[in-house]
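Below you'll find the structures, each written out as structure tokens.
In the two complexes below, chain A is the common chain; its partner is chain B in one and chain C in the other.
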Partner chain A sequence: MKLLGWRQILLALAGFGLIVAALLIAGAVPAEAIQTVVERALTRPAGWRNIIKEATPLLLLGCSVFIALKVGLFNIGADGQFVIGAVCSAVVALNVPAPINIPLAILAGIVGGCLWAYPVGLIKAYRGGHEVITTIMLNNIAGFLTFYLVSGALKDPNSQQPSTAYISDLSKLPNIIESGPLRINIAIIIAFFVVIATWFFLKKTTVGYEIAATGENPNVAKFSGINVNRIMIRTMTASGGIAGLAGALQVLAYEHRFYGNFSPGYGFDALGVALLAGGNPLGILASGTLFATIAESTNVLSRTGVPKGLSFILLGVLVIVFAAFRYRKEANRGSDS
Partner chain B sequence: MRGITKVFGPVVALDQVDLTVESGHIHAIVGENGAGKTTLMRVLYGAHPANEGSIELNGQPVSFRNPEQAIRAGVGMVSQHYAIIPELTCLQNLLLGAEPSLIINQQDAKSRATDLATQMGFQFNWDQQTSELSPGQAQKLEILKLLWRNAKILILDEPTAMLAPEDADLLYAKLHELTQTGATVLVVTHRLPDVMEHCDRVTVLRGGKLITSIPVSQTNPSQLAEQMIGVSVTHHTLTESHPGAPILTAENLTILGDKGQQAVKSASFILHQGELVGIAGVDGNGQRELFHALMGLKPFQGTAVLDGQNLRDLSTQQRIVSGLRLVAEDRHHEAVIESWSIVENTSLGLHRLPNLKKGLGINRDSQLALATAATEQFPTKFDNIRQSFRGLSGGNQQKVVVARALQENPRAILAFQPTRGIDLYVADLVYRELIEATRRGITALVVSFDLDEIMTYCDRILVMNHGILTEVPPELRHDRQAIGRMMVGATP
Partner chain C sequence: MDQILNLLASTSGISVTTLILSTLAYSSPLILCALGGLFSERSGVINIGLEGKMLAAACATAFVGAASQNAVVGLSAGIGIAIVLSLLHWILTQVYQIDHIISGMGINALALGGTSLVSKTFVELGGKDAAIFPREIYYLAAWVAAAGIWYLFRSTRPGLRIFAVGNDPDKSRQMGLKPLRIRLQSLLMTGVLTGLAGALIATNAGRFSDEMTSGRGYIALAALILGGWKPWPTLLAALAFGFFGSLQLILQGRDLGGLAVPGEFWQALPYLITLIALAGMLGKNRAPAGLGQP
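Right, the complex of A and B next:
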């Protein structure tokens, strides 16, 4: 069980090569751009702060997608579950007094995410409706529904934008480190432990074994006495719960309010995070951090005139390269049978 | 065929094999699984090019690079798995790839097809969907497909594997008629009685090497068996059964098939402690549905009781915990996960047994002990117990699957074709282990499409035909013909 194999290292190098190539195409001088990235994103506490902030939802949503992938479901709906979790959490944080506000707000986020994913499992298990279709639909519903809510019922009357009011300081998740521009919120610690818990759950428990069996071959799982429908529904629901937790932490730790178009597409980046993690949930720590670093780097570069779309190119190529490695390996393995 | 050598990666499948087949003969190729029978035939009809060696047809050297070239030269093969597209009609399947013209004249094609079928004494409803054909009919259609393409040399791979004994005799009678008209037939088989009764000449392969090629009249079954296996076969006597208390009781089981038909009709039986019971029958007569229902994978009407527990109240998982075990029919789709290791696969299904639990997880030590025991039950070849299951040969995979069902104190083992894909020698071992297990106080029910296997090893024989389960009366227990008649629904 290796966290970082040569393949991942090679991947990082390939990614680096691609940065250079993409920069040249974008018309920037690679050496200068890299210097900018290193100076402003990678070596400054403010850069670290942004990377950590960006990594929090990516780690959690990576776990969400990973766990569903393990049972054989492609949860494209993590984004919608994230948004629903966030709005539920914001409502509770705005209306419930301390000290139960934070636990309740987190719980509300988890429950919201679960509820948004549960029907996907049901439809898949009992009607054979493909989860990719249903989750994409639910993403749209989540996006429009929450936009409607923050434009109306939940809108802060004092705001020009479709947004809720800011939550009180008592509802905010605390920073554990605050020195100058460097701020590390407790949310990243929670995310870290969720990754560890995901690893433990999938690799060490009997239920994890059953999830893996179902994901590999549902029919064999059925013959092995595993209740395939139940395990699919529960895993999908858990996946939604983790995505909802990510939404809650996003509100309570970083954004401190909910607004229209809340997610910049974290749920979709998470697909790449989960894929890049390979077979081991602990790989999410590496791939999530990598994604966050790339996001922050292009963010810094955009201030020097390099288009921000660079990150999409980079992440896209990264995922393709990885997939090529992975399926090549599987194809090689399959040919001897 | 001279000096044929075929290499797959590191494996030498055929090593300098010579084969001479006289025209107008029925020539049998026998050997165990993996002996190279099918590979040799595939070389002959162009599916695998040989690495070395030459082929002559009627004195002319030929080399077929693909089956299309072979069929044009009059060489065709019916595989063990029929190449029939179930969604098409019989006529469409017959014509597929050999359409007489760009635009098919249905009437003309149909009358020509009927002529051809009549010559062979076959009858087909040409507009019928081939998915409705019985295995025997499908095989006839496959043979017609070759004749339609003017094949003069027909290769049949295990042609009687799916047929009832009477149909098998009929098939050979037809093949004889074909040879009278100048055709040559090559039969790949492991059924020695077929060889002795119906073939002119027999070639024995073992481990990719030619052992012998002689006229059938100059050999006998035990000599052939010895040559196939390489060691002399000793006939052990089976320990006698002393049936004890009932373990699994089924009463009036009615089970619906996938198409809503009654796949099993009011079947009743009792399995006692200490006996191995066999279900004889042609594939597709309800055996599959019966096993699935007993395992909780399909609903049923009626009652089934395992050690006093009503099966209806138990999930598949609970049935396994109560001691019910299944050796599933389709290894890859029902029994194992090929990308997993041997260790992970042996615990599959048994993973909720108290013995394998440790806290929230699986006890890794017990899991490893279980895998070790399962691989030691039969001589299983593997490099590392944590290697992926895919790396095992089919025979070794099957050994692990059967061995798994024998672990962790089973009470009743349901085995569907447990010796599928394994050598005669190990097949014998599998049955002996099953029998020994029953003698230690459990029960086992076996489905096999090989009647000889059932007659050799089972204490009692049930026959399944069109969903109706009947027991063979003790006095007919050794009467092959009578059981064969029961398999097709006739009176014994």
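Right, the complex of A and C next:
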């Protein structure tokens, strides 16, 4: 069997055609659009700053989805865990005195994310409820719950929008580099190390091996003495914790407050980042950066009048085409052995 | 329930007729969409792309209906685009063997991006009123569809085949059934029904606006699960969600004495109930056994 079948090539071509068609419908000339992206997003420090900012949650949420995927669970709920982590973190950052509230706020975000993901693993392990359905429900509940909180109990009385007050300057995570428009926050370093830690954890530890074994084949894992239910529940909880961390960093490093509809749809991006990473967690560094670059590119394009809907089409095509290729590779591996 | 209705009537002058009409308007798209999902999932294809199909159908119905000033053309376009996306889901999951969840999410993304692209590009057309069918036709279609599906799965050969393929694709293959073809037919029906659902949403609102389905595809999915993948219980669940949805709309901004329940609670209620059902507190989960299998 060849690695590239005609079907996969056909799908890739169709996807490419769809993107070009979308550009044309939007009234943009593809060559000009590329030039705009290169000039305004890829070669300017301000563009790099935005890409780094965008990459922080994507790297972390990518890790979150990746770990769950390893144990065989689709964490569509990274979005909800992110939002819950963010609101928990904002509450702590606003109500605890400044020096010690940063670590506590980060911790609150992680715990919030864990708690929001724990029932998912539980329902999957003991009731057989599909995790995708559970997480879709929890995402929506998280959205309404936080919107309710932030337009009521947590609302800043001086704000017109459903939003908390801004956290104090001392509660913000610092920038490590500030030169002109280029700013690099310590959050991206944390995200980087979480990716490395995820790699180490999955590839070099016994628990990581048990997670992979459970994901490959739960029945075989069970017979070799792995407590499959426990592994599933704990991995899902950890996955939620990382998503919660992403929410906390978003508040402490970039947004400096929590507001209604906090996530711009990171759940789908996170799934894409994790899938495109392939089998290796370190791939998240590449796929996360790619998604962040796409987000910034479509942002830049939207300022020249190309609607932002383009980014969803781009990401949708990317994920679908990549999934078609990746499955085929795995099918080949199966037929070789 | 009587108490709430009485309270409503006495404090704010809301008649029961208003409530029934608003429940019908709110629940009919849910019923149509959930029944569309029923076809797909009964044949073994997980479908979290209901939202996207409905959104695309709403967009096509509104814009083509406005451009052509012909209700038949508008509705056909709506159903047509939903069928196209449904067939894309079939190709991706059955021919390319992509995971059903990834394909569903991808299709949702394409629909979200595509519809927003169209509405931002054809702004003028979006402001025009579309030619539409009276919504009562859709209400009727929802109930007729439920009855039809009930009959189909209860006592006809095609219905039982869909059922068999969804429960155990391997065995049904050995019995000489062709899961690929049966799923194609099922997903065609999913396209038709989600197309009707989207067209109704556009009809109710009069014109298209970005993300106008606002998660109702997921509420329909919730109704399908709560209804145990059976037509009448699914319809009932969607009806109940529609009732609470319209109750929430009516109660918004009104003072009801002791009944100070926030609107967000009513909005989250369908998801909460479904979550409780998934946790097994409302009986066992009865998903089709072969869901997601090749």
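Going forward, the second predicted complex is superposed on the first by the 308 of 337 C-alpha atoms of A that agree within 3 Å, B and C clash if a C-alpha of one lies under 4 Å from a C-alpha of the other, contacts with A are read in each partner's own complex, and residues count from 1 in each chain.
Assume a residue touches a chain if its C-beta (ideal position, glycine included) is under 8 Å from a C-beta of that chain, and two chains touch if they have at least 3 such contacts.
Remember, it's a predicted structure, so these values are computed and weren't measured experimentally.
Of the two partner chains placed around the shared chain by superposition, neither chain B nor chain C is touched by A:52. If you count the residues of chain A touched by chain B and by chain C, you find the higher number for C.
Touch criterion not met for A:243: it reaches neither chain B nor chain C. By the touch criterion stated above, A:217 is placed in contact with chain B alone, chain C being left untouched. In the superposed model, A:225 lies in contact with chain B only, and not with chain C. Of the two partner chains placed by superposition, A:69 touches none, neither chain B nor chain C.
Look at A:204: by the touch rule set out above, it reaches chain B but stays clear of chain C. In the superposition on chain A, A:312 contacts chain C only, with no contact to chain B. Of the two partner chains, neither chain B nor chain C is touched by A:277. Of all residues in chain B, only 9, 295-297, 315-317, 319-320, 326, 328, 333-340, 344, 347-349, 351-352, 357, 360-362, 388, 390-391 touch chain A in the complex they form. Here chain A touches chain C in the complex through residues 7-8, 11, 18, 22, 25-27, 74, 76, 119, 122-123, 126-130, 132-134, 136-138, 140-141, 144-145, 147-148, 152, 268, 271, 275, 307-317, 319-320, 323-324, 327, 331, going by the rule given at the top. In the complex of the two chains, the chain C residues touching chain A come out as 46, 48, 92, 95-99, 101-103, 105-110, 112-118, 120-121, 215, 218, 221-222, 225, 262, 264-265, 267-268, 271-272, 274-275, 278-280, 285, 287, 291. Taken in their complex, chain A has these residues touching chain B: 204-210, 213, 216-217, 219-220, 222-227, 333-334, 336-337.
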